[in-house]
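The structures come next, written out as structure tokens.
Okay, so chain A shows up in both of these, paired with chain B first and chain C after.
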Partner chain A sequence: MPALESVAVPERDRLSAQPSQPELSTLDISSVLFFLLAIGVVGAGIAVVTLRNIIHSAVAMMICFGSLAGMYALLGAPIVAAAQVLIYLGAISVLILFAIMLTQAGDANLPAPFHRQGPIAVVVALAIIGLVGWAVVQTDWGLLPEAVSAGVEDIANAVFTTFALPFEIISLLILVAIIGAIYLARRPEEDERAN
Partner chain B sequence: MNYINDLVTILPEILLAVLILVIITVDLFISRANKWLLTPLTVGGLIVVAAALVVVWDTNESVYAGMYVVDDLSVFFKAATIVIGIISVLFAPAYLVVRRIPLGEFHMILLSALLGMFVLASSSDLITLFLGLELMTMPSYLLTGLHKTDRYSNEGGLKYFLLGSFASAIVLFGISWLYGLTGTTNISEIAASGLEGRMSGALLVALGFLIVGSTFKIAAVPFHYWTPDAYQGAPTPITGFLSVGPKLGAFALLVRVFAEALAPLRADWLGIFLVLTVLTMTIGNVVALTQVNVKRMLAYSSIAHTGYIMVGLAAFANTDDQAVAAQGIESVLFYVLGYAIMNIAAFAVVGMLQRDTRRFGGLNSFAGLGSRSPARAAAMGVLMLSLTGIPPTVGFFAKLYVLLAAVDAGLAWLAVILVLNAAMAAFYYLRVVVYMYMRDPEDEPAPIDTSPFGTVALALSVAGVVILGLFPGAVLSLIEVSAASLF
Partner chain C sequence: MGIEGYLLVSAALFGIGTFGFMARRNAILMLISIELMFNAVNLSLVAFNAFLPPDSNAGAVFALMIMAVAAAEVTVGLALVIAIIRTRQTAEVDQYSDLKE
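Showing the complex of A and B:
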């Protein structure tokens, strides 16, 4: 198909400065990176739910978050990747580790509460993975030839124009989450005093 | 894009957000003896919001770059939300004070849930829709677990939180598939994207995830397992709110997603929807029959009512005639409103009999209530008749409109199943009436709560149930206009 190739070549050139979406057919550096990161996300994700020691789970979650940040960078969204590193990898993971350290007394190993449902859960999960995988492969997604630019300026524009209202709604959502978390975490005696 | 002018159309939302902040601030500065003032303050604020709703009625505009729509349908949902909010706020304090649950947090969290329902009703984009859903359900988890020192409340709150988060994630996953297929999250653009000819594996996955996630939120069988525990664990008047508030929001979501964005695909989702509807009605009722705890019985019966409301949506989906489809949506709106009033009030009466904190809403608490407190027994009697669907109450007309819509849409068999279910439900609702009037009181009868706010709210609810039953015309004409904004 000569027509297709003549279109594809200049796009390659333009994209070479910026990492592009991985293509399964060619084993270039970005697809190798993609598969490494994918193994990181999925493997660490499985580890989070299967490891018995809660601190190990938290560390696995950090690996999962980190791989996801790499994935965003690979897709040409550096600002999303940076936010992922700052917020999830930096703030949330550290908070979780602190929360575990401050609340866990003694041995951190917990019994698995849903142990007996394990085999059924595996079967159901595999069935859903199969279904979703089949749907991904057999659908024509109409992918764009190049990744849409997602630089700082684009995101800032989108957040403060198109997504201005959802942005404000999130602030209220966070407010109620904070107040609720404080209320639930406060000891009942402190409720009495606060009233 | 003129965002300053758009501010006027979201005036009710802005006022509600301001009310939330006012409540938080006032709560800081008043002493414990004066906390009861928060209730009239909240009710007054909600009445102001309702006045703002009158201002935006008949706006019918898409605002904020297509993220939000202020149509008459959304205004109707918001008005119903205000009704739910006012009744819930009046009923709850007496129950909460006895159990030392702080009132400031309660009012603030409840108002946030109402704001979430506002956003959900007005969403014209799946992003806003999801945020509205979260803003509604996050406070609902908190309300369930509000009674921190009670382990049933802890259990209910935790279960609701875990399962609800999964359901939210499932909805979000479905949304992402829909975005992948259509390249947009805007609801009207999705509806116009010509999906109907392209039934594919990916569309099937998107539909599947959206149906599972959203029917979880309305507590349809088989995604209802969280309901009885969450409803039983929550403080009783709050259970009343939970059984109608988040449900109203979830039906707004169903209308926006399935009756608007995915309306071209209705032949594809109707089949699975019919199965869920029949299961929900029947299993909800069968399990409710076996309950001896009134609170738990009402929890299961709320599942059955979900099924009745789903019949209206099924009627919408089963017809190509626009008038009949509109009739289906209208029956959903009327049922949701009527059901909201009667169910909150019914739970509140159960709560009034739990002034003694060791009472859990057993059937025996109701024994001899007819002689002990004739007014409350009569109110509960009217509510039970209305939930059963006996004229001249709102429950009767709500069921009648759903039935008519189903028959007109060619779903007569579904109407028959609904009638059989309603007959079955009569047994457990009327059993409460039998206990109230034909049993002797217990040796140590449950003390009754007689707080003025609760009494006023009960009188208002019963009046609403009877007046909407006798003169449904005015509300129906509003509903007709509201439903028309979908077509």
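Showing the complex of A and C:
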């Protein structure tokens, strides 16, 4: 009977039961890194939504996305971190900065940044943070004590086998988005000149 | 650091994005706030992928696909915003009230 019980212990319990004493120094380094990156993410996020000048907001957004890339690397998902740098830091940030520079015609006296429903927004945001945070703290996750890194090969296998159909559908979605963006952003005069 | 820290950062980022979307008056900044919320969800997915024992990597794959969808969304969104700004000469969403009347 005792032998059966020891066999029935789930994998995760045995993993969490292992003492992590020898890895104390690396644990400390990863905790410090996590706190620095968390401050970067949350601080830059608050700066994004509160700064008056929208260019400063966009730069804060880049800091936020960069810290998130570091966090993905810390979670052992290097391919996601690389995609974050390529897509968010590389493509989306530049796109947003271009849009800002195309549309903000250098108005020196900026209008008030906040809507009059700002106080309601604060209450809603705090309610979301409080509810989700409470749920996170209350839930017994029963998880591994440390992050398990996801190998690039495993992710590639998953993308091209299990998730092959969504992958192909996303390529179609991006094609539609490209055509739609070109159509929407074209000036009307160009149509008339072409005719 | 356990999963709770990552999920709390994710919740904080999602709340910040919600606040920005509701409170700011600039159309481009509302799009940036939506990006913040996408990133919050991505962070929680990658955290679940790293800490949950069934090792299928679905969380990381979902995060990559959300990034692709977010790129498509921001492309079309910015094209729309630029087209509206070109006709209305302002980025303030309070001014886009023609359909209300």
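Definition applied: the second predicted complex is superposed on the first by the 153 of 195 C-alpha atoms of A that agree within 3 Å, B and C clash if a C-alpha of one lies under 4 Å from a C-alpha of the other, contacts with A are read in each partner's own complex, and residues count from 1 in each chain.
Going forward, a contact is a pair of C-beta atoms (placed from the backbone, for glycine too) under 8 Å apart; a residue touches a chain by one contact, two chains touch by 3 or more.
Being a predicted model, the structure only gives us computed values, none of them experimental.
**Q** Using the superposition on chain A described above, determine whether A:29 touches chain B (first), chain C (second), both, or neither.
**A** In the superposition, A:29 touches no partner, neither chain B nor chain C.
**Q** Is the number of chain A residues in contact higher for chain B or for chain C?
**A** Touching more of chain A: C.
**Q** Looking at A:136 after the superposition, I want to know if it touches chain B, chain C, both of them or none. Which is it: first, second, both, neither?
**A** Both: A:136 reaches chain B and chain C.
**Q** Taking the superposition as given, does A:149 touch the first partner, chain B, the second, chain C, both, or neither?
**A** Second partner only.
**Q** Per the contact definition in the header, classify A:184: touching chain B only (first), chain C only (second), both, or neither.
**A** Both: A:184 reaches chain B and chain C.
**Q** Does chain B (first) or chain C (second) touch A:162, or do both, or does neither?
**A** After superposing on A, A:162 lies in contact with both chain B and chain C.
**Q** For A:172, decide between first (touching chain B), second (touching chain C), both and neither.
**A** After superposing on A, A:172 lies in contact with chain B but is clear of chain C.
**Q** Which chain A residues contact chain B in one complex and chain C in the other?
**A** 132, 136, 141, 162-163, 166, 170, 173, 176-177, 180, 184
**Q** Which part of chain B faces chain A closely enough to touch in the complex?
**A** Within the complex, chain B touches chain A at residues 1, 3, 10, 17, 20, 24, 32, 35, 64-65, 67-68, 100, 102, 104-105, 108-109, 112, 115, 119, 125, 127-128, 131-132, 134-135, 138-139, 141-142, 145, 148-149, 180-181, 183, 200-202, 204-205.
**Q** Within their complex, state which residues of chain C touch chain A.
**A** 1-9, 11-20, 22-26, 28-29, 31-33, 35-36, 39, 42-43, 46-47, 49-53, 55-58, 60-61, 63-65, 67-76, 78-83, 85-86, 91-92, 94
**Q** In their complex, what parts of chain A are in touch with chain C?
**A** 11-12, 30-31, 34, 38, 41-42, 45-46, 48-49, 54, 57-58, 61, 64-65, 68, 71-72, 75-77, 79-80, 83-84, 87-88, 91-92, 95-96, 99-100, 102-104, 111-115, 117-118, 120-122, 124-126, 128-129, 132-133, 136-137, 141, 143-145, 147-150, 154-155, 158-159, 162-163, 166-167, 170, 173-174, 176-178, 180-182, 184-185, 187
**Q** Please give the residue numbers of chain A that touch chain B in the complex, ascending.
**A** So the residues of chain A touching chain B come out as 131-132, 134-136, 138-139, 141-142, 161-166, 169-170, 172-173, 175-177, 179-180, 183-184, 188, 191-192, 194-195.
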